[in-house]
Amino acid sequence: MSTKQELLQNPIQHIDIKQHNVVALVDAMNHMAYSSRDLARAATIYDMMLRDTECGVILCLAGSLISAGLKQVIIDLLRNNMVDAIVSTGANIVDQDFFEALGFKHYVAGEEYKYGAGDAELREMMIDRIYDTFIDEEELRICDETTEKIINGMKPGAYSSREFIKEMGKYLAENGRTPKNGNEDSIVLAAYELNIPIFCPAFSDCSFGFGIVAHQHARQGKPMCSIDSGKDFYELTQLKIQNPTTGLLMIGGGVPKNFAQDIVVAADILGVEASMHKYAIQITVADARDGALSGSTLKEASSWGKVDLTWEQMVYSEATIALPLIAGYAYHKKAYAARTAKAFAQVLEPVTA
Amino acid sequence: MSTKQELLQNPIQHIDIKQHNVVALVDAMNHMAYSSRDLARAATIYDMMLRDTECGVILCLAGSLISAGLKQVIIDLLRNNMVDAIVSTGANIVDQDFFEALGFKHYVAGEEYKYGAGDAELREMMIDRIYDTFIDEEELRICDETTEKIINGMKPGAYSSREFIKEMGKYLAENGRTPKNGNEDSIVLAAYELNIPIFCPAFSDCSFGFGIVAHQHARQGKPMCSIDSGKDFYELTQLKIQNPTTGLLMIGGGVPKNFAQDIVVAADILGVEASMHKYAIQITVADARDGALSGSTLKEASSWGKVDLTWEQMVYSEATIALPLIAGYAYHKKAYAARTAKAFAQVLEPVTA
Amino acid sequence: MSTKQELLQNPIQHIDIKQHNVVALVDAMNHMAYSSRDLARAATIYDMMLRDTECGVILCLAGSLISAGLKQVIIDLLRNNMVDAIVSTGANIVDQDFFEALGFKHYVAGEEYKYGAGDAELREMMIDRIYDTFIDEEELRICDETTEKIINGMKPGAYSSREFIKEMGKYLAENGRTPKNGNEDSIVLAAYELNIPIFCPAFSDCSFGFGIVAHQHARQGKPMCSIDSGKDFYELTQLKIQNPTTGLLMIGGGVPKNFAQDIVVAADILGVEASMHKYAIQITVADARDGALSGSTLKEASSWGKVDLTWEQMVYSEATIALPLIAGYAYHKKAYAARTAKAFAQVLEPVTA
Amino acid sequence: MSTKQELLQNPIQHIDIKQHNVVALVDAMNHMAYSSRDLARAATIYDMMLRDTECGVILCLAGSLISAGLKQVIIDLLRNNMVDAIVSTGANIVDQDFFEALGFKHYVAGEEYKYGAGDAELREMMIDRIYDTFIDEEELRICDETTEKIINGMKPGAYSSREFIKEMGKYLAENGRTPKNGNEDSIVLAAYELNIPIFCPAFSDCSFGFGIVAHQHARQGKPMCSIDSGKDFYELTQLKIQNPTTGLLMIGGGVPKNFAQDIVVAADILGVEASMHKYAIQITVADARDGALSGSTLKEASSWGKVDLTWEQMVYSEATIALPLIAGYAYHKKAYAARTAKAFAQVLEPVTA
């Protein structure tokens, strides 16, 4: 039987799309069939989004993507002005990205653990498993505690997840968890530095939730912080109103997909006639046939007035394969060159700026 | 081309498990293979949960289930003391159940609409589509507005989704949207009457979100209501602490699955050694191979210390087929007969009670 | 570690649809959404096929269905005049049905074997695994040898799979492997007794293949038997020509689906203008998005002129759940009452009859 | 409404892996999670197969791969000595590869046709659809007729599919359907020139089936040709016996997967202790949970003694994305450089050679 140390020695390494020019490969896929053609069309649509300099690009993240080696892809999209806002599950942002920003790693699990054969012993060793990946649960507890510490440092009040995540970015910057200091770059840090807002509409459903529960437990009866998820929705809708042309780059489905689509309707409710998302791409393996939102087609979203029919594309592929190709295509086509950073976080905090 | 009226004339009818004794059928499936055996084992585990009278049963709902004809199944589980708490996506509770409680319906869409061929014309008519089901968007707007009205009637402050949903139940009771008054029964009403708490951890991500956005927009600068999603987590964790033996009946994955599993860890963080969920069932068609939480096995959850390995079962089936069989099995076995209602909502409001 | 005997003690038991009247349940599903509605519509179409007394019903079988507990369902369809011809993978007919007819069983495998954890030790014990089911490989070898014995007893020549399978039926009848003699009923026997032809278009790809290889090896240089798969196609096409109205009840996809659909085109090539299959149902979990035939929609088949668009239905469900409901529905509706047995095997052997 | 000519103007173009060096990209994927890591491991195993110069590589093809733009990938594997035998569905070899070798094309179908909206009008125009791809049915009929012509030219008797396909290759060579003559290269031609045997175990289930049916119909009562599918099995087993070390590169599942795996058992039945397939890779999106062979894990195959556990890898991906990466990796690593061509077709015809 392996020891904990033996099991946690082969870290996940994040793919660097800057090193792989896939433009010709993806262009070739455009003349094939099935998923390859869909993938190529999606890459082309992402390229169009970026060339349409008015378009605000919203990246949606669901599924365990950062633990899977896609962190650097997202960072590269942020640092190259290819994304203007993020809507994500909490796990990607806190348990995985912020966790790694604190200096921790995810680890490759051997094939034999993939189907659950060793889960009882993993439990004993406090190793958490995500399919074929290991996490040291003791390190994850430090991440939970760090979020509590950050919350404790804030003025009591109701905050959007974006405001909390901004504080997390500030924490990383102020504590030297930066490339400048020899540490790894992170999504939370890059977004903080670049004024790119990150929203987690179900923010208590992650490591941050443990922090807020601990915080509220300690402050019982006293002024405390709370997550105002309505404010999340309000803020993201403001961005739609201020920047009417929008495009969605969605990895996975879930709450982020629904939430980002819904701002079109929310704007309408606030009395502003908002245009549908002009561009929309989704990478997913979810089936449409169970009627759930995660796998529902973007055509279906158009019946709701959320997504325009002209430039939408579903890509049926697991994201670790498809995203490096789609993001790498757009990166190497340099479509971002003509864009000016939208710095959407500033839009939301005009006074502070 | 059909008119809106023609398209919206064949309402979805909710299956009534009380009319179909499937015990012998499901017992027969226990000796077969693949999904039928898994389904039978899941039904048996649900039966066990109910016979274990200490066990608090948490029902998790993700996917568009209520619009699909599963509303009465859930109501029957509530009214027969087979569920003690609900964790759900907002859409099931607000856009679908509360929506129908207001007197509206979902409609059968013809086969030819299923793959998106008519979405442009549906848009024109303000008909929203969920795979093979239609909704009148004008009616949905009334639902949005009703939630705003309810929020406007509340004292400014930060509330858990449970507290808001309780208000929605009160609204239905006070406005005669009850079976007693000749109207249809609803999940929100039944839960209100029976003190069964309903949590929507991503509560702004549904019709209620439109209500809260409109509310906050109108109240700018003045005291207002906010959704405190941390409080959701805190409250559900309290239930775990007060009622240590728990079982999960999960339809679909997403945030509800993760959130309900996480309370074991949250209790631990509050310094209470909590036992893992003793029983866990999930009905899903999500694939495990993309590593996302929705399709991840319950064995994987056991490595996180969230779910016990002994009585867990994944059922690979679309829910409209599997749930009537599993719920119907437990209903007709009458396992609930020995249970006392836990009335968990009272646990959370000792003073008010 | 368990012994072989311990692992092989819990036999798969075949579900008996005659015991479960699911008519009301399935009728209720007709007013729901997603797979339940599709399933109900498919059941209705199967009922229509049977009421259309001119319609020849072709049952297609792919996937390991017999080992999974669906044998009695198929036998009941045959013995109640609800199927007129079968097109199947070889495994279902030979390795599984004929195998059980010889007195052997399939066994329930424990949950812990499902994902491959014990495959190395199973290998040592000569236990073969199909997902969650065990087979004694030594018994399977006897099945292989029996097919060789049957082939050895035939006059050298090129035979269709149908002719071979008829011989297998005769073997069972003559060796007392019949219910009359206290043995279990089988598909091969019932089809033999009722003149229902069974085709396995890829007949060397199963236990029979081992028999024919051994036979041909022993007969090298001497007259021998061969499987003439062209004759299979020719014979099935003759049935289409003689009985123009046809319906397909397909469980799974693969070669049987394609083969049965193709006879429409084959008739055309023989100069007979054949009508498309008037009815078509397929139960499958295969995805359409990889372009493969198994998951391709029946609408796609209509572009090939193989399946009529009016009465076709895909059902997205694993077969062990869906087939008992669909077959049980049609059985209890007694649509077969007005039918006369088509005895298609006699059509193919007018002289012998 | 578009005309037939308008619909058939954008031909599928086959990807050329020689133009895309994906080695660094795939190596990077080896350190990620989920499908990307599986894909990288599969590529590595294919590379190992080729470096193990004793290993005979058997390529299995199921699903509509050639119509999807993967023809040139397969040709490149053949012409660079990276494959020693092929087991395929008939459609890939006859309806698609041989069809294109006759000068015909497959065409890109617009997004709007993908879900079946235009199938009725396609039918009228005699355009056949494979998901997002069009075929001119009139051209396909010429393909059918050509196979009949080839059969008519052969001496009456029972042939393996391999022997028929060799004749098809000879036909192409003798009729100038060769690159030398300015025509496109094809799998059938390349295999013919390189003595690489191609087996289609369900050979009547494709365009060739139409040819054999027409042939047998015309020859009724006279000596005729037949497809001896037992001979297919016998021949492939001979290859396993003569070249004990084998590896499987499987695209899709179905009959080819089962057939190629079964030769280990067949050898055993012929009294030759054969080793399991030493290497095995499968690219598929089929789910394991329905118990069907197509999606069954290679671990399961090891319980049957067919596939060794050490070097096996399932890759969960649609083939048009995964195969160019896996095949391209092995091609650019030049593992084939040290191999001598096995020319397995000569092994099967020692006298003719």
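A few points about this structure:
Just so it is clear, A, B, C and D label the chains in written order, and each chain counts residues from 1 on its own.
Here is the rule we go by: a residue touches a chain if its C-beta (ideal position, glycine included) is under 8 Å from a C-beta of that chain, and two chains touch if they have at least 3 such contacts.
Computed from a predicted model, the values in this text were never measured in an experiment.
Traced through touching neighbours, the fewest hops from chain C to chain D number 1. Across A-D and A-C, the chain pair carrying more C-beta contacts is A-D. The geometric centre of chain A is 47 Å away from that of chain C, both derived from CA atoms. Rounded to a whole number, the gap between the C-alpha centres of chain A and chain D is 40 angstrom. Shared contact sites, meaning residues of chain A that touch two or more other chains, fall at 33-35, 64, 67-68, 115-116, 130-133, 285, 287, 289-291, 316, 318-319.
Those residues of chain B whose C-beta lies close enough to touch chain C in the complex are 11-16, 19-20, 22, 24-25, 28-29, 31-37, 39, 64, 67-70, 106, 108, 130-133, 285, 316-322, 324-325.
Of all residues in chain A, only 33-35, 112, 114-117, 287, 289-291, 316 touch chain C in the complex they form.
On the side of chain A, the complex with chain B involves touching residues 62-64, 67-68, 89, 91, 115-116, 119-120, 122-123, 127-133, 137, 144, 158, 201-205, 209-210, 212-217, 225-234, 237, 252, 254-255, 258-259, 262, 265-266, 269-270, 285-294, 296-297, 299-300, 302-305, 309, 318-319.
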